[in-house]
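See the structures that follow.
In what comes next, chain A is part of two complexes: it sits with chain B in the first one and with chain C in the second one.
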Partner chain A sequence: MAKDHHENLMSDFSDTEYTSNERQPSNYSPLQSFILAKGDQKHYQQQYGDMYFLRLAMLKPSVEEIAADAWEGAEIAGETVRRVERVLDVRQGEFCWVAGTVYRDMPLKPNILDDISKDHWISAPPPRVKYISQSGQDQTMLEDESGRLRLIGNMLQTTMLVTGCVVAMMGTENANGDFEVVDIKVPDLPRQPQRWEREDSDAALANGSGKSKSKIEGRPAGGKVAILSGLEINGDEADILAIDLLMEFLLGEACNQNTQQDVGSISRLIIAGNSIKEATLLAPRDEPSDKKASKKYGYDSAAYNPAPTAHLDNFLATLLPSIPITILPGESDPANVSLPQQPIHPAMFPRSRNYASVPGAEEAGWFDSVTNPWEGDIDGWRMMGNGGQPINDVFKYVEGDERLEMMESLLRWRCGAPTAPDTLCKCKTANPRGFGKKTDVFHVAGCYPFQDKDQFVIEECPHVYFVGNQPRFETSVIEGPAGQMVRLIAVPIFRETGEIVILDTETLDVEVIRFSVDE
Partner chain B sequence: MPPARRKSTAPSARAQQTLAFSGRANKVTKPSIAPPSAKSISKASSPVSRPSTPHPQEDAQRQEPEEEVEEVEIPNAPAAAAAEEQGLAFRVQGTKPTLHDEVDEKARKVSDAQVKRYWRAKEEERKAPRGLSLNEKILRHFDLSSQFGPCIGIARMKRWKRANGLGLKPPIEVLTVLLKEEGSENKKAERAYVDELMSTRLVVE
Partner chain C sequence: MAKDYMRFLAVQVISESKIISYRMLSRELKVHCNAAKRMLYEFHTHENKKKPGSVYAAYLLYGTQNAKTSNANGDAHKDGEDIPMASSPFLSSSMPQEEDTTEVPPVKVMTVVREENLEAVKAQYEEILSIHIYSLSPGPINNIHMLSVCNQQITTTYAHEDPLVFNKKYGVIQNPRVKRRTGARPPPPPAVIEPAKPTSYRPEPKKTETNATKAPDRPSSSRMTAPKSETSAAQPKPPETKPVDKKPSLKKEASDIFKSFGKTKAPTAKLKREETNTASTREDEPMKDASESEQEEDFMPSTTTTTTMAKPRPSGPSRSERKETLRKMMDEDSDEEMSNAPSKEASPPPPVADRPAPPAKEPSPAPPITASGGRRRGRRKVMRKKTVKDEEGFLVTREEPAWESFSEDEPRPPTASTAKKLQLPTPSSKAVKKTAPKAGQGNIMNFFGKK
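Entry: the complex of A and B
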């Protein structure tokens, strides 16, 4: 009968209560490690030499401790190995070990002189995928404040070394003055805090000694964290279906009831860089503009396109009522070029900033625009992540494409951006004289010259280390000498793969969800 | 090649000077044992001002070379001996005391006190102040101690505090001096001297 068939449609009002899905709350407490002073307080008078000195001074004690444990009293060919204070104190024929900073001298590294050559010749040299020279012209050296020591040996081929990592090396000086390396030791993973350690210690301090109330209270089970990177919204395509699918999924509008309940357990979204990608080229630097660009309302409308930021703002504002978001700037985002990138200014998000905290407030807001690299606590676990620039730069120094190995090495070197003052950070601009070449890569200042403390040195081992904008999704767990366990996550570019990563904070397991549109 | 022409006329005026490769003047033999004469020594020590005479062509002027050679006769023996004398400064027996010996004696007689007096007089002549105070010496030594990091681009006090914070144990005496200089409003002691040198800009007119 018609009535039986269509009993759900065209029926009287019923009293069945449909349970509404609630999203799990997220316990969120970011750290301000990479925030720089603002305005006049930020100085640039210092040189990068201070940064290398600080890095060495901070990491030398740890690496020497590990080296002493391993090599003290060791004998090679009847000779005992002894410790040497400075790099230049090594003596020919004697086995000794010394700690210093690695420097890789590569002729194919971007050189500021290339920029000058562009003025004289037709075009700058083409951008390179890797800096390794095939003809073996690369040299590896160990450096400290006394001088540099050229390194040779088979250990160098098997160990991953980039400029800026602090290591201890054992070996001997040969007749040519080169140091033959026998063994290498790295500082390895630092001390890892316990889960909820920061909250507990803060609570203990607040309540006074002996009263740890919050510890006794059962902590709510943590939800899941969605990590996404490489949205690459540009001004040309107004409506990208994959991003719409993502929005519907995260809002709990897509799929069936079961999936929607699972989505309810996603308590936070982290966007790890490259949300906006400028598809149109910036105006060429050198050619004088033939006609004065008409500046109406204070900006040149021919060159400036407000569409990408508007799209991103809409995307965020649609999601924000339902889910808290942490957004990191990336290489192509409108933030400063040098690391550590400061948070994207709230002026970019006219609608989303209503969900952000008042500037100067203690608590982080529902919508948190943070630095790149970023460190913070989510559901008690210490998380550390960046937009991919340090790893992409390390990729240029080493053979192969083992992203997880590079991420592991970064943590074991205890340095978040080892190549930072040397080669990190390039900015893509149009090459006016490039024949048929659309973009060219110019070398810009790598990072802020820290003078008091090298912020990139990793002092507390995170539980989760995620890196955005990687070519493919990869994950693994690494172990440290003191039982530290770190989950490494390489987050793929959403624009290319359509994948987002879901991290379960109770088990630290990772799963991938892919959004794709059948063409 | 053009046909060689024989010289028919004896050149009255010498067209070109040539070198003397033969003759007693250029004898390359061992020096003789006879002690050098005073005259020859004085000739040897004084710089030879006259250019060495040219050796004319062998087929002409045999007589003239002989005269030339005699004028600038510098036997090899005293030349070698004079060289030795300059190196070792021993007295040649039976010779007249030379200018060098007298001066040496006088120099030996000058006392230490006189040397000091001379130098003090020279220092006083200087218009620019010379020398560093003890405080400045201590601070400069601290600047150049590379184990505390580069001294350029950072104030001395800040560098000391930073080194202390990193556990590098900078000497406490340097902090004493820095605080004293801070108290005495000495602006120049705030930054390292080399920092000022490196950051000055030279304006080229």
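Entry: the complex of A and C
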């Protein structure tokens, strides 16, 4: 037993000098990529079909470039592979390649049109673990503005494909009119900014010339970032102790002097969604008659329990004097349901919001309530993360539970939420591929109907990609064609695992700390 | 000052049977948390030297566990969870691959552990980086989650302290770059943090009774004040459950509570029936205004639903067990909460019923009516239609207000709506109206005769 580590705390009190540590600074500059216009500027009247068009338009050039490199002039069975502009131009028997959006037709996938035609507004089907049907009724298609191709081939089984990702496919149309896929190319990782790129360019602009070199050397060594998700505070006291331990650890009160010093290097806390567990977020719609009787002015204390938010607020307010916090909303948090989720409103945090920035301020707040997904620079690294919904939805499309593989695929598709707006949603699903005009308020669509640009398309490759609320902690590093290195982190659900992830911003190494209570 | 903390701990832990964590102690004595940890240690050894087993400790361990055992732990935990069925096959299939493709980073584990399990838990650690006493309690802790009570108390008791000033004293890691909005201090946390705390408190029945009897006198703000009064009763008492001879003492407490409620029990039940009766009659009324009794009702469902809401959540056996023990622990308070709350809800009516219900007020209509010499007479405003020919020769019909006098023999105009409007502002009128039909409607002489 290493006695020298801890003997001082297991001894009688002596009136020696006890010092406080100082926390390392965190260099933080978030991007506002996913902030939606407010009030009148935000419309939900647009067609979602435009999003697919925009996504394809943005990603087609890159994926065609990659495909051309690979397949240009390739010969299969003595036949040269030809490039085809549109899906409809594919001719039977000719080897060719074409780029388009994948669409997976799955009978088990929730479908808005079924809902409308069967008038099924009342009873939503129970949420499914997977959309995959065992009877093999699933079909994969490739579509663009012109039409759709039904796809077959072994390639489909070995490659991860979900609705909404943009790929290039090489193959031939057979006698049945199905396109037999021989090879698939994805857009792959986009350009990755250099570390400190934004800060350097700002500095260069400010200085007028390349004086930023000196600034790099003057930069303090980056600290560590703690990432956690799924606190799932629900007012049930049975799990509070683990959260208490977490709080005491981050404050540097628990443990001995050595450990407290280590904790001092944790310069920021990121909470990646699901801080609050909503017991009943949406009341089932088939009992409005009962509800009517208890209609009251103001909030109905029977339907709303303020304890979880109050507890979260206390947790944050206790930590904030010591450590800056970035909080993303998640599926169960009190924010809008459709992606991009907008920041949790400061009114939810009566105590913590004093540390937030004043509305309209340029500078990011000490306590930063941000969007989900979110991206920004921490200690020079581009970080990108979400509360887990995109991955949890992709999970339903594919066999297995390889979360890291799904995360990698998302980055290589350059699409942060490919299944939005198709299936990515809370309870009811929009399948608004050109049809879904969102006028029905009961309908929860997958995402905001972007008009000018599909905001989920990843244009700059992050250095760190974290996804919250995953079943277990996992991490790996993937590499892109141009030498991009991305650290993937699947952040576990704290309530279930008691684990938080500590990311070293100098080395991008990751470690896990688990908080447990001996029952 | 030398041994002040020993005396303080003796009072808190032994005399008042409280759980004291190192955090709590550092706040109480305004000392560095590391100093507090050592004070706890000194007190613990000192007391147990005098009398073994008189003070129990919980320890906080921090260190590394090797990946194998920690993985196994993780799996075991997961199996117990109520995840969709598919999870376990995936786990087994993905486990081997995980070792190839993904790194297994070191796992550091922080555990809070009871004194008796300390050695067993220590054995799971590869290296222990830190160990210290987390808290002291006068007896073994049946439910380790009780320890969170300390932090809850800290958030409520020390909310007024400015963390930027005091944290340094407690040894919290300082951050000179912290940005806080100037201006108003953050409001203190609301008194009700948890709807059902694991504290087994025992609000004196007297207190709640006075509360209840006061209720009708208060303005219609009962929703705000009611929960507060409950927690204020709750706070001073939390560690009641701690004594060593826990089970029997708790039993006694419980029966005490029932006994103390025994007197009020019968009336409460009766009153409750009355209340429901009146409630059912009230439902027919179309008008829904914010009357007091209605708000009292508001409060009730909130307590019941919050407690029940926690139950149905699906969770694994470990959690449900934990909850079970918690519930056992809280049985007493949940019981008394039940018997307590209805009394609160039901008690407002009695004074109302006792109070002379002025039956004369009910039928009397709008003010301008004067009843002199047994005869009703008065003037009222009516709208009269007037048709005139204007300058251009068109017939114009106009409605004009006019006063007309009336007397008893005339049929009464439909002034019901105005009467209602006039009654609105007086808060108790509703209750009066409610009880009036029962007591007052029958025979007015009954009422006067009794007195």
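In this text, the second predicted complex is superposed on the first by the 442 of 519 C-alpha atoms of A that agree within 3 Å, B and C clash if a C-alpha of one lies under 4 Å from a C-alpha of the other, contacts with A are read in each partner's own complex, and residues count from 1 in each chain.
FYI, a residue touches a chain if its C-beta (ideal position, glycine included) is under 8 Å from a C-beta of that chain, and two chains touch if they have at least 3 such contacts.
The shown structure was predicted, so the numbers you read here are calculated from the model rather than taken from an experiment.
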Note to self: On the A-aligned overlay, A:N21 touches which partner chain: chain B = first, chain C = second, or both, or neither?
What the structure shows: second
Next item on the list: Pick one for A:Q45: touches chain B only (first), chain C only (second), both, or neither.
Entry: first
Notebook entry, point to check: In this superposed model, does chain C or chain B come into contact with more residues of chain A?
Noted result: C
Check: Looking at the overlay, what does A:S146 touch: chain B (first), chain C (second), both, or neither?
Finding: first
Item checked: Touching partner for A:Q157 - first (chain B), second (chain C), both, neither -> neither
Notebook entry, point to check: Who does A:P350 touch here: chain B (first), chain C (second), both, or neither?
Noted result: second
Check: With the two structures laid over each other on chain A, which partner does A:D452 touch: chain B (first), chain C (second), both, or neither?
Finding: first
Notebook entry, point to check: In the superposed arrangement, which partner chain does A:M58 touch: chain B (first), chain C (second), both, or neither?
Noted result: first
Item checked: chain B and chain C footprints on chain A, overlapping residues -> none
Item checked: Interfacial residue positions of chain C with respect to chain A in the complex -> 5, 22-23, 26, 31-35, 37-39, 41-42, 45, 60, 62, 70, 74, 77-78, 81, 83-87, 90-91, 93-94, 97-98, 101-103, 105-114, 117, 121, 127-133, 144-145, 147-148, 151-152, 155, 163-164, 167-168, 170-181, 185-187, 189-190, 192-198, 223, 290, 298-299, 301-302, 305-306, 309-310, 313, 318-319, 322-323, 326
Item checked: Contacting residues of chain B [partner chain A, same complex] -> 146-147, 149-150, 152-154, 158, 162, 165-168
Notebook entry, point to check: Residues of chain A touching chain B in their complex?
Noted result: 45-47, 49-50, 53-54, 57-58, 61, 145-146, 451-452
Check: Which positions of chain A touch chain C when the two form their complex?
Finding: 1-2, 5-6, 8-14, 18-23, 25, 129-130, 234-241, 244-245, 247-249, 251-260, 263-264, 279-280, 296-297, 301-302, 305-307, 310-311, 313-314, 317-318, 320-324, 350-358, 365-366, 400-402, 404, 471-472, 474-476, 496-497, 509-519
